[in-house]
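In the two complexes below, chain A is the common chain; its partner is chain B in one and chain C in the other.
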Partner chain A sequence: MRGSLSKRIAIWGLVWVSLITLSLPTLIVIGASFTAGEIIRFPPEGFSLRWYGELWQLDSFKAALARTFYVSAICTAVSLPVGTLAAIATVRYRIRFRNAVQVYLLLPFTIPLVVSGISMMIFFGEIRILGQLWPVGVALCIINLPFMIWSVSASVNAIDPEIENAAMNCGAPPLQTFLTVTLPAVMPGVITGGLLMFILAFNEFLVSLFLTDSRTVTLPVQIYNSIRSVITPDLAAVSVLYIAIALIAVFLLDRLVGLDIFLRSK
Partner chain B sequence: MVEIAGVSRVFGTVAAVSNATLHVDRGDFLTVVGPSGCGKTTLLRMIAGFDRPDAGEIRIGGVRMDRVPAWQRSIGMVFQKLALFPHMTAAENVAYPLKMRRFDPARIPGLVDDYLALVRLAEFKDRRPHELSGGQQQRVAIARALVFGPDLLLLDEPLSALDRKLREDMQLEFRRIQQELGVTTINVTHDQREALVMSDRIVVMEGGVIQQADDPVSLYRRPENPFVARFIGVTSMFPGRVTAETPEAVTVTAGEATLKARGGAALGAGAAVECAIRAEQIAIGPRDGAPRFENAVDGIVRQRIFEGERMVYAVEVPGLGGAVLNVFDHDPVSHSVYDEAQPVRLEWAARDLIAFPAGPAPAVTTEHKPTGSLTT
Partner chain C sequence: MSHMKYPISWRLLDALEAAAAVLWPARMRRLTAWALLAPALFLVGVLVIGLGYMVEYSLHELDLSTYRLKEAYSLTNYQTILDRPVYARVLGRTLLGAVLVTAISVALAFPYAYAIVRTPSAMVRKALLVALFLPFFIGQVVRAYGWLIVLGREGLVNSALAGMGLPTVDLLFTYPAVIFGLVQYMLPFAILLLVPALAAIPEDMELASESLGARWTSTFRHVVIPMAKPGLIGASVVVFTLTLTDFAMPEILGGGTSDFIASAIYDSFFQISNPGLGAALSMVLVTLGSLIVAGVFLVAGTGTLGVRGAK
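Here is the complex of A and B:
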């Protein structure tokens, strides 16, 4: 009994230390965003929504926020069909470029984002689309697509290949089989991947830095620009916005897929 | 109804099915039985249309199936691992083939209810597969395979995952439903008991080759080769040589014994043979008893297992070159029990001893030996 008690204390201690170190920065930022004073500090001076108000007054911020939503939506919209089909194809069928695709899946960890950013800037410049907003969404889709493919692949691997035979045996031609059986079965992976793509695009900074200018600047780049001048508590308020969006994504994931499935990553 | 003519399927160097020829009559329940890896699933997949034969022809209802894709065949199948659609409820699973086969939407709910009732699942219709027990999932799979009124039902060992009690219940359930609907059925199993209990006809396969196709009683009583004799029932084998032969009986010497065997095989005097005798056909008794059957050998009990309704002995017979014979003793009269190392006499009738021509018989897989087999 004593042994198991000390083990429990050790485990719970570890859990709490991890929870606190992981969440402390977040809690500090949230606290600081409600300050009534002029500078970011913790504990905050008084309590007010002043900086949220100031943020909302700032047209440059609102425009950047809207652009970020737009870019993330494009990124997600492109990645959903492309990533889903690519994942099903690479896992299921012995296609020709299987190896090439699998190497591509490792690229985000081997090529620094700076390199991707520069090369895409050059490429977009060449084909004269640099300076528009939608190519940024496509670019973010390209660099993050492997996450989408991974997420869907996990779902594809979990389904019993025999259920597609079962569908055909029930009289469903291949397209119907795909739409009514394969696709619903990989839906958890598609939703997870889609949310992941949205969040990644929403947060992406480095590649966006290369691809945007003052007319197309997105929120992360905007934040970066403003911390180079003067650090005011509205930055803390922006950070809280990011935290809120992350929480919404987790909430949606739980609603649509079930977090238990996600955490077991079946 | 189903005709399979000279069908072969080769994977690399493995001939999964070789030159299989068989037919199933309308309304019949045919079981393909054989050890693991003998090609049963491969045969079924070709009939269902998930795979194509490398040679030979499959006809269903007189129509050649070469160019008919799986989704246009009127075949219901219960898969080895069931393959229910995980994102659909039991009722949706059963409705799926009706939707895909464009049944009148107004009729679908009624049919689904009827078939869920047939498999006794009416109150579980709104559950997803993972909310059902193994046996209940099984029954959803059966309802899904039957609901659209297929010409042919294929069962790929759907009962193998169940515990024994449930399996035996489901065997009878299958038989009941199959007879109620009169649907032609091909069932696959490696369980000889299941084959004997459920089938109108049985096909024994080994190494991709059909060994024998017969009704259960004939298959049991008149196996055509040593493989079938050993695979169905508990059978002891020992080598011998023919010394005399008439159409009615064969005289065989085996070790020091001279035995009478069932005739009719035209073996020829002097031929080397494999003799087969079933465990339940051997009478065990004391050595000084009055003779009861044509054949008698003396042996020593090596092992004794009590199985409740019967005693199972392994008896070593020095006079048969040390062969060990399995004996089932149901003795309703004397209730005698013979101990290990006790000398006994074994007797059996001439018609129960079968002499097969000895030859390069297919290797016998022992992994699915039935209960009660002590030695081989």
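Here is the complex of A and C:
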């Protein structure tokens, strides 16, 4: 960064405030999870892995973890084709009522999550699928669908339409053009979107709170319920699992498409 | 058998192509876009139907003798919201919170985004991006839990105070704790929405301003900030609406002392079992959020949130 000393001090000073704010809870949780004591306190008493061990003994934790993976997998599997096709349609085709369609597809963002969650709880109750696990996955796909459409749209926008025309000129029929030219070109967006959908579903709490009960509770909801009663250090160990998964996601995102993808101006 | 020499993938693709031509003949081509959109329209439709139930619920009063909603349509629930001062208080607290969190988050996000865009070092940029994405991928509940440990009675801050021989303070379950937690939650959103707008500003612009003798503060005020306006609008709108409707942070870090509207909706449904009132509160929240966003868009334009279509 160019400029005077005062500018550098001002900018980097504020950046450090942000860095500490962003990272402090993560670092503290990691530290607290290795405590040997009975309660969460800082600095922790001694160092041990006992809470990780106790966590692994807990069947309710393992069951909730498995359910969370299941729900996130459904969410990702549904959103990949649905979001990709919708993004290609809205960017590539002339459609009537385009603005209305776009506003409609953004509804999951504009409707508050608490309202979406209770709305779907009521509807799922009416059609008698409330209490099953798969509708939770579908619901998480619905509320995050705009993320998927957004990340694929960015890739579709970046394709030169002449490439598709060239393929057709060389005699490729429509389906072949789609499968061998369009789809590979939008892959970075599809990968980013899929990764985002999985992570968001894995962390989603509020809508899941309304759609699950004690038999179908997912991990974020279980953490929330535990926070509200007694705060034991095993929660810190669960949180470290979340931090590890976020780290893997950041690494994958960087490797597959590069974090810089978010820096490009439209 | 001359075609046998073609690879199997070619013949497979030809078969698929023929099937597609039968299932979706050329004269249906005009409808292709709608066919591609159909699954997404259907999924969002599930949400819309649910919202329909909400609107319907909000128009029925709770019958206190049976604890079911009455058959007759009425606006009693909306009247109740207007009559009870507690809802005005919750609404005011939520709006103030949303304004504060938006102002603080955008003010902190701006230098961070600027540093990401302008730093000459690829290493520093990568570090800033990782520090940004890591919390972005960690859910609200886990992050709130981190703040519980930092701000708690035996937490980091109080241990530090005690270590310095100072009296400990109750930081948790206060309004500032909620605001602080929300700022931390919203910061990545604000930065991610600001970065593309700042990346669009050529550095030469700033150099030109400075070579003409402007100090960096003047350059920021008259060049960088006006040119980043679309990003500032986008970031503010997203942070504002997300804060306005947030549930977890006020609930966990406020501990019942600083409920936002979402908590009031939750309590209406699950604590006092009055779905009509909860649905009416939901409608108020949806309307309020939409009106504010529409107002900002009318006055300031849609910023980076505007949607682009095919030319």
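One rule holds for everything that comes next: the second predicted complex is superposed on the first by the 248 of 266 C-alpha atoms of A that agree within 3 Å, B and C clash if a C-alpha of one lies under 4 Å from a C-alpha of the other, contacts with A are read in each partner's own complex, and residues count from 1 in each chain.
Everything below uses one rule, namely that a contact is a pair of C-beta atoms (placed from the backbone, for glycine too) under 8 Å apart; a residue touches a chain by one contact, two chains touch by 3 or more.
Since this is a predicted model, take the numbers as computed values, not measurements.
With the two structures aligned on chain A, chain B fits next to chain C without clashing.
In the superposition on chain A, A:214 makes contact with neither chain B nor chain C. With both structures placed on the common chain, the touch criterion links A:160 to chain B but leaves chain C unconnected.
Counting the residues of chain A touched by each of chain B and chain C gives the higher count for C. When both complexes are overlaid on chain A, the residue A:176 reaches chain B and chain C alike. Of the two partner chains, chain B is the only one touched by A:185; chain C is not. Of the two partner chains placed around the shared chain by superposition, chain B is the only one that A:168 touches, whereas chain C remains out of contact. In the superposition on chain A, no contact is made by A:229 with either chain B or chain C. In the superposition on chain A, A:118 makes contact with chain C only, while chain B stays out of contact range.
Minimum C-alpha separation, chain B to chain C, in the superposed model: 7 Å. Residues 173-174, 176 of chain A contact both chain B in one complex and chain C in the other.
On chain C, the positions that touch chain A within their shared complex are 13, 16-17, 20-21, 32-34, 36-37, 39-41, 43-44, 46-51, 53-54, 57, 107-109, 111-112, 114-120, 125-126, 128-135, 137-150, 152, 154-156, 159, 183-184, 187-188, 191-192, 195-197, 199-200, 203, 206-207, 210, 215-216, 241, 244-245, 247-248, 252, 262, 265-266, 269, 275, 278-279, 282, 285-286, 289-290, 293, 304, 307-310.
Remark: chain B residues 48-50, 69-72, 75-77, 79-81, 83-87, 96-97, 100-101, 144-145, 148 touch chain A in the complex. Interface residues of chain A, counted against chain B in their complex, comprise 159-160, 162-163, 165-174, 176-177, 180-181, 184-185, 187. By the touch rule above, chain A contacts chain C in their complex via residues 1-4, 6-7, 10-12, 14-15, 17-19, 21-26, 28-29, 32, 39-43, 78, 81-83, 85-86, 88-95, 98-99, 101-102, 104-105, 107-108, 110-116, 118-123, 126, 138-139, 141-143, 145, 149, 157, 173-176, 179, 199, 202-206, 220, 223-224, 227-228, 231, 235-236, 238-239, 242-243, 245-247, 249-250, 253-254, 259-260, 262-266.
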